[in-house]
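Once you scroll down, you'll see the structures, which are given as structure tokens.
Paired with chain B in one complex and with chain C in the other, chain A is shared by the two complexes that follow.
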Partner chain A sequence: MSEAEVTPTPTLHLSSGPHIASGRTTAQIMWMVNLALLPALLWAWAVFGWVVLAITLSSILGCVVAEYAVCRIAKNVSTLPDGSAVCSGLLLAYTLPPGIPIWMPFIGGMLALIFTKGIFGGLGYNIFNVALVGRAMMMATFPVEMTTRWLTPAFGNVDAVSAATVLAQIKLGGQEALAKILAAVPDGGQLWFDFFLGMRAGSIGEVSVVMILLGAAFLLWKGIIKLYIPLSILVGVALMAPFSPAPEIYMLGGGIWLGAFFMATDYVTSPTMPRGQIIFGLGIGLLTGIIRNWGGYPEGICYAIMLMNILTPALNDWFRPKRLTADGAPS
Partner chain B sequence: MSLLSWSKSALPTFSRGGIHPDEHKELTENLPIEDFIPTSVSLPVSQSLGPSAEPLVVKAAKVKRGDVIATVPGGGVSLHAPVSGIIKNVQTGPHASLVYDTVITIQAKPGEDDPQFPEQAGWQALPVAQMLERIRDAGVVGLGGAAFPTYRKLTLPKDAKVDTLVINGSECEPYLTCDYRLMLEESEKVVLGSWLISKIIGVKNCVIGVEDNKQPAAEKMRQTIAELGLDKMDPPVKMTVVVTQTRYPQGSEKQLVQSLTGRLVPKGGLPMHVGIVVQNVATAIACLEAIRNGKPVLERVLTVSGLGIKTPKNLRVPIGTSVEDLLAYCGGYSGEVVKILLGGPMMGRTIADLGVSVTKGSSGLLFLTAAETSITRYQPCISCGECIDACPMGLEPNRVSQYMEAGRPLETEQFGIRECFECGCCSWSCPSHRPLVQFMQVAKAAYRRHERKAK
Partner chain C sequence: MSANRPPPPVSTMLMRGLFEENPIFRLALSLCPAVAVTTAVKNGLMLGVAVLVVQVLSSMSGSLVKHIINPKIRIPVFTLLIAIWVSAMDMILAAYFSDIYQQVGLYVKLIVAFAIIISRMELFSMKHSVVPCFWDGLGMGLGFLVGLVLAGAFRELLGSGSIFGIAILPFKPLLLVVLPAGGFFTIGLIMAMFNWVDVKRGHKLPSGGGGAHG
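What follows is the complex of A and B.
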């Protein structure tokens, strides 16, 4: 009795249950996504040089500065430590051509953060993927820099000194352009292999499918993403492949893989239930194919994801979890 | 690894959601039940669901162990003096869930002529109506935590078709080991109590559900069933022990019924509607003692645990033992305690006053340090869907929370708040630490207010 009396009564917290937690936090998830994005950046550094790191930093800085400002102005607790602004900055940089002037990503990052996330209420309240809105805004603001500043990879067979990516060349030149590209590949070289590995011109984070898959595998292992969305996007894109003049380049080129594993899987802007996620993914895949084959852009995944982002609230209403009741019907 | 996952999936469990928190049962699982009798006990008159009892005693009155000291006017669950002594006080005092209640305090003065409640002859052959009466008069309520009056649960409507009794030995809450110890140490009482309940509700089939992490208890129960020869008693009952997956909330009625029998309780219904009655192991013992010994619920076994208490224990204590006395008996605080709970860490209630005492429904007393519990500011919902995956009922806690934040509580019914039994799997899983259970509770309260106003 006496022992307990000497110990002062602690300050007791009162709350509703439960009083224990899994230990996983939003910040952990975001930083793990950031970590998973690093292999792709490493690859970009290897093939395009130091400049990609500068661009990435500039984009991250834009997002971080804007996030800090928004939190200050809204008098909210700073959400910088949760890593989501850094994540948006990384993803935006990954969609940019490696030759873009270094100050542009900073502007793009700020605009994306403020107009997509900040004014909608911050983390969790954005309707569109932050990085993709940033890219779309930059496409409108800096159309020349966004479509012509490509760099030639340090190694590989694809000659991309010209001002366009392979997908853009095919878009403009059709079969003729394709034949020219294929002719440039030395005997024994496999174009699809160069694309898979990432020896081609393209946006910073999209060029290496292998590196993207490496990061994605990490996220799958950690249970952060599930396969419903990425797989159904790839299926949707594949369904449209026969309409492309070069199906293998169509599947491996552009931002499909980055978009499928890292953009479309963003929790906030994608549906929560598996069936909703499959419709969401298929929609993205099909729209990407439609834009690429019949639309005005060589690329399509960015706008396809944004279009399906619009449908996310509806998909969450249409596809609900099954209740554990005798009939299983949602009430 | 493959063998492990195979054997895991081979064990029965419920079909949806659920979690597996750190068990922390190692703190107390090997500690035999100890008796502890404090010098005074304080009994809040509200011990179970339903209308509260009213005190029948006044200050300075003498009571004997087992005397009725409070009762519900018009019939209901009574409260008994757990110790002989003198009524020190009948006044307003702290209550674990109601905050304040009328509390009867008894200064213990054990005497040599205190009733010991020996076994009475012919108890097996009592008519069912008399057995139910004894259960009611003994003040038996669900000792698993819900504290629903047992005689009411066992008094089935005429048209009810019940064929199976499920005995709940899941004890799925982390830390708690009191039911485990009861199954190990008093398996005979559990089995005989289960047999009596089977007789009362007229079933020939009884299934005892025990989680995989309590194999020794399952073994012991099987052994006792074989030794007692339940199939040769009158009436014979086929009693089986089923080991289920260790998965929270395995001990929830609807989940356990599905795990053990595959039957799904209809929405808004009870296990009774699919032919099943569920009783907890400690309640089975209380029923046996009520019928065989005429002994009321005077004490209960609970687990005192957590990293914040010096010597964790499994204790049998009189109802009304204060947290303060238990704290002192278990050696006082260890480390920096930030939360004290009555019940388990998933569904237990925090207390603010060490004067709060053990009620019939208190299965645990936990002293949690900052390292074990989560006290953090919560963040916006990022729609990760973890809560939906974890919900054993298939509800949408994320959307309830969003509607609550938007100030639209009366639009949350569509997301299933009425089916929520507040197990806490959603909040446990939430990476944004959102108090999803609390949002559910506030939403339910808003509907209750709204419905009262409409009347």
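What follows is the complex of A and C.
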């Protein structure tokens, strides 16, 4: 429209809130999250080899195929280009042991997408984190492969750990298992450093805390995630750490860093307001500790996040911001 | 007691139980035994046949005695009638099919408390004569039987990789499907299929979900 043409009457735009848009689209956010996840994948590739990339591709493919099929069947606009299915696939692959048969992540990704997102109505309607449901379903479906197919890292001191992760060994063997692991490390006290850097057995995306923090720093810098949820999760787990024989491994091992920064901060399944987010995070941290210390599994972050996902609508309701009125009274 | 009402056509009575008011997938009744038993087709088939026989006999006997019982105590009387047929069924199955009975015996006894049977006696037997009660009971029983066999076949095929115990799946089965959670997924999926067929046939979906439990 040229400047000579003047619209006779200004159109009145009527819509319900929110009225202030950030200018950032879902697709931009999701692809930035995917970008932030890449360092951890690169690290896993370096430590465990090419098989990691095959597993990740298989998982992404499962999610993408299911997303495409669900959108076609529901006759919805395809939400493939926004990258959310790719993100779910990436995150699901990150929670899997690197030695798992390559076709299993494909099945897991499809199950996760269909049963978590598809039947609830697609993007933005899921109750649970898609990747975590995928992992939980795979735990129930392939229990042996999901808990035994660990690979020994290509470098680092922790070499006696191909049968189980360090957390699992400590869970089973207690102090004796810990002493054995510590004895295998030549310079004694450096075990925490191996864990921090990522030279240990574990799921694909969880092994390197540094790489996860690198991605998380990018998301924090871009304003995509805030620190309320991750920090309160870490505080919650830290409160439970004294009950463990090895608090530093307790904090650095397992999937809490991946879960705290990338899973629990999912917009759809986490509360909106800071106070709700803090309670959400503390709940996850404490539940993780409870499952780890007294439950049947060595790691509990997956189930802890899913349990708190259920509470998200309630937390949103309890911490609803007060409406602003002229005299400050609640309307 | 009021006189018997004229019965609906036989096809209506049969289809009502099989599809429109299918006990499991439309009325959502007896879901607990349905989930527990359908880990294999054989088990589902056995409980389904037991329910079919008990439903038909209970409906018919309920219709026979409805004029001579005090309406105030009809529920206990109906329950006793069901219990008679269930006991007979239980003994027959224990005597002749003891291997499957080991697995589903508990649920055969529970048929006494299946909501679908007493609700058909209340809704249908109280108002109709013996012959329509046979068709209505047959339709409801077949609906239950078909439901259990469908769910059982799906779960056994995907969860154990076999049908009637014969392995046919070439790949590793999905253990999740035979777990209780998989039972709920299966029944939910078949329920969705029933709703989908219903919509295709021009019916509108009810706005609320689910039904009674039992």
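The definition used in the following text is that the second predicted complex is superposed on the first by the 296 of 331 C-alpha atoms of A that agree within 3 Å, B and C clash if a C-alpha of one lies under 4 Å from a C-alpha of the other, contacts with A are read in each partner's own complex, and residues count from 1 in each chain.
The rule is simple: contacts are C-beta pairs under 8 Å (C-beta built on N, C-alpha and C of every residue); 3 or more make two chains touch, one makes a residue touch a chain.
These figures come from a predicted structure and were not determined experimentally.
Using the contact criterion defined above for the overlaid structures, shared-chain residue A:Ile107 touches chain C, although it does not reach chain B. Residue contacts after overlaying the shared chain place A:Phe115 against chain C, while chain B stays out of touching range.
Taking chain B and chain C in turn and counting the residues of chain A each one touches, the greater count comes from B. Residue contacts after overlaying the shared chain place A:Tyr125 against chain B, while chain C stays out of touching range.
Contacts of A:Pro143 after superposition on the shared chain: chain C is touched, whereas chain B is not. In the superposed pair of complexes, A:Arg72 makes contact with neither chain B nor chain C.
Residue contacts after overlaying the shared chain place A:Gln28 against chain B, while chain C stays out of touching range.
Those residues of chain A that touch chain C in the shared complex are 107, 111, 115, 119, 137, 140-143. Of all residues in chain C, those touching chain A in their complex are 172, 174-176, 179, 181-182, 185, 192. Note for the complex: chain A touches chain B at residues 1, 3-5, 7, 9-22, 24-26, 28-29, 77, 79, 82, 121-125, 267-268, 270, 272-273, 316, 320-328, 330-331.
On chain B, the positions that touch chain A within their shared complex are 14-17, 19, 21-22, 174, 254, 258, 264-267, 269, 274, 324, 327-328, 331-333, 336-341, 345-352, 354, 366, 368, 372-375, 377, 379-386, 388, 391-396, 398-399, 413-414, 416, 418-419, 422, 424, 427-433, 435, 437-438, 441.
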